[in-house]
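Below, chain A partners chain B and then partners chain C, in two separate complexes.
What follows is the complex of A and B.
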């Protein structure tokens, strides 16, 4: 008996080692390229440091919470935070609603749905920089949008060059380019709903609308939560579009300055890497809290089967 | 069983080790060199036009011919040069010698990452360089970089449009405004102007204003405001348009596409116009004079890393690349104005039509404003945008707000 147990435990230990060996590449790359930098960045956020400093990170001057406190006194950071929040509030709901509608359409029995699925997904796999450049062509003063509006007698406008329209223009671009991703996830969620539930609802006399309202939506809740979290994190981290459209300076008049763009500028252009790290952790805290709140509101796991 | 386990372990290790392939330095390289002491100096630069790349390659080839014991290894940095260079400096893997834009120079110099060159230089020879250019790379009397070439601003104008409108090359502010007014017709605007400090600062200087006094702000004066107001009045009166409002990417496009008659740009327009607007007959003339002359000079120097292991050889490289022979090649290429006074004549002789670019450097200041350069630029750019969007009453108010922003 005892010897048998010994072999068993030895096999188990071996399996454990094998298991670790298999995940080793990922564990190492995570430690080296993710966890390590994360810890260093966190330490840096309490220091005054720039990459040009000849002293090492560890010798850099400790400034305590100064970087964090300064951020909340910094008018440009506040403006960036406001812009990012507006951007997020605008993009997330519109994006998710459109994605859900698209998912419902391509999930139905319309002709050529594979074509539509691909067509809506293509912007997602296109580089955001390429998308931004394309939209700059559309939105420029003699671009497509203005030519279209001219038909209705609306005079041409420099959309990205205007304080009021620059951010909404970027929002429109973001919605267009990422809606496909959320559509695909909604689609997966829709196809996960057992057909028998619709049948039961149909037998009970529920019409299409009632089926959607009482079967589809509640069962999509986990998918919806996932999409909401991912979309919110994505929008709070917006960088590429703002960088390309404003040529890196967040203009006009900081109208397109986002938190990550400001972080990038302070770190690499103003040589304040410690401050930039503090901004990154403030952003992290905001996203983390928002995610917790969402989990409370939407996140309970529901089982209908 | 055992074999399976072996395969599993080996696979895992192989995958794990493959992560680090490419991280290590190529060690075999130095041993392959011939036995004599040959030193390799790395040279960091950004990617540029084929013509400029060719010029640098030719210069390097010449250097290696005359200095058989030194090999130059060019490291072209693509993407954001300033960002990439910071990462390299932080990991102490920066090139021995690298391009240093005058705009970034104060930050790099004050952080102590650049080696002072004085002990390697012949001070008599340094006098040959344009003084205001060297000034941009000096701190506490020490020289931290030798400028390789420079460009300044001038008016590039469409000759046909000037002829048709009967306009002569403007030499004063009043003449500039008059010309812009006459040239604004048939859907064409007199000028393309953008709310870019790198273009309106010359006007602030021409009005007798200053940008900085050492590391302090000095632009919130009525003189500087006068220049700013004049610049933006041209837009407000409708004689000038922002290139973006014309659907153009930058001033150069606007001239190449015949949407404006005049733009304020530098020598980089010449190769650009050859490609983008070969049918546009254009002329070059000096910036107009306000109360005095004023202009900006954009320059790049070769600087040496303090961490270089071969400083003597690195200095040789810098001295050669900014030496008379190398700058003669710059002058002949016409790509930029050579930074040595003795070579400027060669440039203007070969390209007489570009003389205004050189003449325009009288009264010029380098594109750099002390320790707060980036802050000042951000604030001034914003001041320009505020004027453009009518967020402030006049230039003085905009500049006062900008000065406050820098002070924060």
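What follows is the complex of A and C.
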């Protein structure tokens, strides 16, 4: 009897050790490359520190909330925040609506379903740098787009070089290149809806439109919430496209300056690293609040367990 | 009659968006095969198309080297993630160990923190370690992923315990169970992870542009961006570079696409 209990407790101890061994690589990596730097970034955001300084981070001068206060007085940061917000407001809804329509298409019984799924998803696996360069070619003054628009009598524009059109052009590019991801997730959600529900609705005399409105949409709510959160977080972190299109400077006239691009420039071009960390935490705060708001609005039934 | 028109309109929409979706690739491929003098012509003179731009980039510029860098970095990071994320995800789903709840809550909390927040201190740390402009710097910090662990945990929660329990009665250790029984079962989830991690890392631009400071260590996205900066008038060559960068990840996707779409459904990604 006692030996049995001994074995059991030995198994339990063994489990505890094994559990930690399994998570150990992740725990070490996260402590060194994420949690640790996160704490340092928070401290730095209250300091004035340059990489080129001879002093260490710990000796750098405390400046209190100056970095945060300066950010909201900084016209370029404000412009970057405005651009990023406009970008997000434009991209998120259009992207999700197109993704849902495409998901419904590739979930229906059309011919060549696999071909269309793959065709719609391919832009998503393509590098943002490659996509940006391709679009610059197609959108250039004597490029394909302007030649096409000429048919409708629209004069040629230098889309990425024009202050009015640079940001909307990047938005179009972002929608094009990421719609596939949200389509696939919607598709997975659609395939989870039990067929019997549609049959029941059909027996009750619901037409296709009513089935979509009263069966599909309500049951797709958790998927929709997931997509909304991912899309919003992603758009607030836009960097690659703005960097490639503007050659890294956010031009023309800061029309494509985004929060992360500005963070990159302040931190690694101007070496104002304390200020860069403050910008990073402002970005974090915005994303955090937006996620909480969405959870309140859409996510009551979403659980992780 | 009305139904028929609707059907036609539907197919126009379906095919129209496919054209929008892959049209830019087709146009870029064709242009990359043209001589520089022809790039602005809408007409395609098939007798003039050739692979000379690709050969030129391969021989006169370090595209081959950048490609090898990209392959090496993407493979190391991807396999690191497959192993470590599934180990951690498995422990969080199945093993009872002290601190498990806290750890999971920490993962959920950290997932909300945008990666750029730690960019400055991590860069300083990597400089101190002497890892900037080295393969170590491009791979080691990226070997695990919070999101990847979360997906694996969700997957392991969804598969039945019975096989593991019978293996445990047979006296197999946790590591034995994990490598011999659980991992083979996790094929669909691992395929999804593989595609997400490989394409994500292959296409990654922000970190490599910070960490690769000499063109010997550039990955393809960083290399292409710098090549474009210097040779932007030569669209035929630039677009050949675009293809060298984008075709490998498209091929990987085409190979695994069937399992990928299934995998997303089973990893509970949509929750």
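Quick note on the criterion: the second predicted complex is superposed on the first by the 295 of 305 C-alpha atoms of A that agree within 3 Å, B and C clash if a C-alpha of one lies under 4 Å from a C-alpha of the other, contacts with A are read in each partner's own complex, and residues count from 1 in each chain.
Assume a residue touches a chain if its C-beta (ideal position, glycine included) is under 8 Å from a C-beta of that chain, and two chains touch if they have at least 3 such contacts.
In this text the structure is predicted, and so the values were computed from the model without any measurement.
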{"item": "Winner by number of chain A residues touched, once chain B and chain C are compared", "value": "C"}
{"item": "First, second, both or neither for A:251, with chain B first and chain C second", "value": "first"}
{"item": "Touched partner set for A:52, first chain B, second chain C, both or neither", "value": "first"}
{"item": "Which superposed partner A:268 touches (first chain B, second chain C, both, neither)", "value": "both"}
{"item": "Touching partner for A:290 - first (chain B), second (chain C), both, neither", "value": "neither"}
{"item": "Which superposed partner A:142 touches (first chain B, second chain C, both, neither)", "value": "both"}
{"item": "First (chain B), second (chain C), both or neither touched by A:163", "value": "first"}
{"item": "Contacts of A:188 with chain B and chain C, given as first, second, both or neither", "value": "second"}
{"item": "Touched partner set for A:239, first chain B, second chain C, both or neither", "value": "second"}
{"item": "Which superposed partner A:18 touches (first chain B, second chain C, both, neither)", "value": "both"}
{"item": "Touching both chain B and chain C, residues of chain A", "value": "14, 18, 22, 25, 29, 32, 51, 142, 268"}
{"item": "Interfacial residue positions of chain A with respect to chain B in the complex", "value": "14, 18, 21-22, 24-25, 28-29, 32, 50-54, 75, 140-143, 158, 160-161, 163, 249, 251-254, 268-271"}
{"item": "Partner chain A, residues of chain C touching it in the complex", "value": "11, 13-14, 17-18, 20-22, 24-25, 27-28, 31, 40, 42, 83-85, 87-88, 90-92, 95-98, 100, 103, 108, 110, 112-125, 127, 141, 143-144, 146, 149, 173-175, 178, 195, 199, 202-203, 205-206, 209-210, 220-221, 224-225, 228-229, 235, 238-239, 241-242, 245-246, 249-250, 252-254, 257-258, 261, 264-265, 269-271"}
{"item": "Residues of chain A touching chain C in the complex", "value": "12, 14-20, 22-23, 25-27, 29-30, 32-38, 40-41, 44, 51, 57, 102, 105, 110, 114-123, 125-130, 133-135, 137-138, 142, 144, 147, 176, 180, 184-189, 191-192, 222-223, 226, 233, 236-237, 239-240, 243-244, 247, 260, 263-264, 267-268, 273, 276-277, 280-281, 283-284, 287-288, 291, 302-304"}
{"item": "Contacting residues of chain B [partner chain A, same complex]", "value": "5, 8-9, 12-13, 15-16, 18-19, 80, 82-83, 86-87, 89-90, 107-108, 111-113, 195, 242, 244-247, 306, 374-375, 378, 381-382, 385-386, 389, 391, 408"}
